[in-house]
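Below, subunit A partners subunit B and then partners subunit C, in two separate complexes.
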Partner chain A sequence: MVNFKKLLIFLLLLLFLTACIKTKILDDIELIMMFGYDWDASNEEYIGTAVSPMYGSSEESDLRENTEYMARAKTIQNINSKIDTQTANPIEIGKTLGILFGEKLVRHGIHDILLAINEDPNIGRGIHLAIARESAESLLKSTMITEGTLPRFIEKLLKNNAKTNVPDMNLHDFNYRFLGTGMDPFLPIIEATSSGIELNGIGFFKKDKMIYEIGYDQFFEFKILYTDCEDHTYQFDWEEKEQTIAISSISSKITKKWKNRNQVEIIVKINGTLTESKQLGIRSFKEKAKLEQAISQKLKEEGSKLITEFQELEIDL
Partner chain B sequence: MNRQQKPDITQMVSPFLLVFILHASQIGEGILSFERQISKVAGYDSWISVLLTGLATTIIVILIWRIVSDNNDLIDVHSEVFGKVIGKSISFLFGLYFFSVAITVLRSYIEIIQIWLFRDLDVTLFLIILYLLILYIVLGGFRIVVGFAFFSVFITLFLAIFNYAAFSNGYIDNLLPILNSKWINIIKGIEPMTFGFLGIELILIYAPFIHRFKTGLKWAVIGNGLTTIFYLFSTLAMFVYYNIEQLQKITWPALQLWKVIDFPFVERFEFIGISLHFIAIIASSNLYFWAGTQCLHRISNISFKKIAILFSLIGVFSVFYINSFLMIEKLTTFISKFGVYLLFGYIPLLFILRTIVQGGVKNKHG
Partner chain C sequence: MIGASAKGAFRDWNKTEWEERYSDIEIIPQIEFHLEQSNIIQQ
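For the complex of A and B:
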């Protein structure tokens, strides 16, 4: 009898378990996959664009379909709650894959918006950030045929390029460089072209404003100076012989040597495979040494050009 | 229920379990946020403060072994040193302190749940369930409390493994150069760090419950050493992963770190981390709650059960007073200050007083 009573109390307690919080069922929420933020200078407010996949009622429905919501407000939370007024279900931002910042916004400064994003525990720290050329809104609303949904495509694009062309930069790294002394963050720039979306630049911040950008041609120089890399490709114009050759599978390693308090020497060791060089015909050690010399000379020049540029703009990296 | 006044052998635990009891009572909510407080004082070098605190607390542990002897606890020592009335009132204060720690630890954990997991959590209902659990464990006797503590150590060790993410994504250079900050700051870092080591003072209450208490000293030192290593590892992980400026802006660095860990089946690890940490919180809160109850039970003749129920009710109702983040922060700072003075001020003082009193007694007999 006693045991029965205990069991009854136990079962009654189970009722409490569900009563503490609101339940969230996947079918009844609007999962936001990607956010884009823009700056409206005339009204001094943010324009937020949220993209969520449109799950049809049947399984055959096309998963490429997205729905976009747009709202303007002065704070991030308000944008979210304004977006709520347009959706059938409550929005949920825990699954956000990435956040895009419009070009105007990064030129205006992203300090406030970044702190607001950091405040929200629902947003992961491994998500990717990027700058959208023109505006994030138009990029997220563009209707192009991509593999998977548009947010998934952008995320894959950024993730893939973080391994090869540009240094990796997620929300945590961005915060790290943004808040730390002697460091400034940078972000990849993506652009919607007529054929698709491409990553065609890196934007550099000074404090919270983007003030400088480099194009694809300088990605390699920047990456080898910034971090160790592997599996890179470099196209080298050998002016002496009027030929262009490609070096692939490049892996590089950095060592930094402090000469004195104000001077540091960055030594980059590069290993690569020579490809597309049939006509060149490197057959002797002498020729190889000559080629190596020419490449390192060129890279040194370009690298120091990049560094002087950063020094003039007072961007810390 | 007078049986718990002085325990018999059936309620005692082996001395080696001290490792687990000590570790469980020390690791609480502090492990998630202490890096912020110590780095505010001593910068990247505050890991040295962790080591120093570990050393200082080991000395306190040894002092405690000199203060209480077999089958003796804090209440006996107090009445021996201060006389019956003053001794009992000081013990009463101790009891209240234990309860307030238990309540604060639980409440600050609920704060984390509110912020990270469930925004719309009904705190009162949740607290009622929690205190039912605590009552269940505490009323089961000291052995059940220890059993829970034993279990919780494995959970915290398991969670510590996941700090590996810091080393694979972080910047080891952060720690260099060593000794960049002043020694005085490193020593000042001991004060905020001591909060993480609080739990040692509980030995004064549960000493009679340890079988062959005298032999337990080495296990207690090992337990304290384990805590030190644990904190040191966690500190190094956070310093490698964050820079100091960033650390100051983050309330719970460990939780933020878990955010980047993702497995194919778990998108965000911190949800699992917070939930598992619950065991550690309950274990440490239990030990404090048990100690508080035992303390009040010993000085009065009210039954153990009644005191436990009364204080769990107080714990539930405390939600109406401790209702904002600022209040919790204030309470935690106050308790940690109090704990530091208790550990490094009161316990050595008690040791000295007791030595004097014992010397006097011996002289009388001689």
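For the complex of A and C:
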């Protein structure tokens, strides 16, 4: 009987638990969609920018307006507190889509910022990270017309390119490469141009500083040496025939093999399709093999250059 | 990544044996590129 009473009380208490979850109404919170951090070397402090969508009386599906908040402080916690003082509603960061780091900051070092981000359980580990050419503040404050809000556009840009041009790198991947031994992280570089925002580089880190970057021309060589890829395109300048060839639907598979203690082979098998092949006029297997060899040779040379550069700078991927 | 091993939450920035050797390792890329046969124009 006593046990039955206890069970009844327990079940009744379960009903009250439903009221324990704090409800958050969209109109009553400041939903931060993207953060940007920069480094002010003269004052030795961080500059934080937070972007929040501006909800009107109705929630339009093509919402484009943003509100930006900016604060300067020596610590990230203080930046967040200062941003709090500028908003009418409490800040909510659980829906943050990404974090941008300014160029000066990544050259200075992001160790402290990364620790502060990792300490916050509200920030998901799947969010995208990127480097903003020049400053994150100017990029997040730019008034260009994008599809949807600016943070949503940047998130889509990073997500889309992670499938094609650059290897995927979210906060979890970055932490793994940053904290694990024998590997260093990298991040895509985005830049505001006259026509919009473009991803035009990859920045490579040694410890917590960016020390090297590659441009769009080397994306393909880097990606095939780093990971398997699918549905890529590649432009090949065939010097022998003085022609530029476009190869599409490229898929590649990578395997690594130690030959001995001091030599390792990275074997990349690539398949692709020539576009506009009529113009080139490949009429036999012999010609096809010749072209395949020329492309393999070029990619090998470019890949070797990239590997040598990484080894000299001690960037381990 | 060839010598990668995740060692817990905090990274020791002192060089590991692998990191000491990394720059002396000869890394050879072997690229095998294949085109689709459909690219050959029939006579």
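Here is the rule we go by: the second predicted complex is superposed on the first by the 289 of 317 C-alpha atoms of A that agree within 3 Å, B and C clash if a C-alpha of one lies under 4 Å from a C-alpha of the other, contacts with A are read in each partner's own complex, and residues count from 1 in each chain.
In this text, a residue touches a chain if its C-beta (ideal position, glycine included) is under 8 Å from a C-beta of that chain, and two chains touch if they have at least 3 such contacts.
If you're wondering where the values come from, they're calculated on a predicted model, not measured in any experiment.
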Considering only touches as defined above, state whether A:Thr181 meets subunit B (first), subunit C (second), both or neither. both
In the superposed arrangement, does subunit B or subunit C reach more residues of subunit A? C
Of the partners subunit B and subunit C, which touch A:Gly126 in the superposed model: first, second, both, neither? first
Mind working out whether A:Leu274 is in touch with subunit B, subunit C, both or neither, as first, second, both or neither? second
Of the partners subunit B and subunit C, which touch A:Leu291 in the superposed model: first, second, both, neither? second
What is the contact status of A:Met144 with respect to subunit B (first) and subunit C (second): first, second, both, or neither? neither
Mind working out whether A:Ala41 is in touch with subunit B, subunit C, both or neither, as first, second, both or neither? neither
On the A-aligned overlay, A:Leu8 touches which partner chain: subunit B = first, subunit C = second, or both, or neither? neither
Show which residues of subunit A both subunit B and subunit C reach, each in its own complex. 176, 179-181, 183
Of all residues in subunit A, those that touch subunit B in their complex: 13, 16-17, 19-22, 94-95, 118, 121, 124-126, 170, 172, 175-176, 179-181, 183
Write out the stretch or stretches of subunit C touching subunit A in their complex. 1-13, 16, 18-19, 22-41, 43
Residues of subunit B that touch subunit A when the two form their complex: 115-116, 118, 120-122, 125-126, 128-129, 132, 169, 242-246, 249, 255-256, 259-260, 262, 267-268
Residues on subunit A engaged by subunit C in the complex (per definition of touch): 176, 178-183, 207, 224-225, 247, 256, 259, 262-274, 277-278, 281-285, 287-288, 291-292, 295-297, 299-300, 303-304, 307, 311-312, 314, 316-317
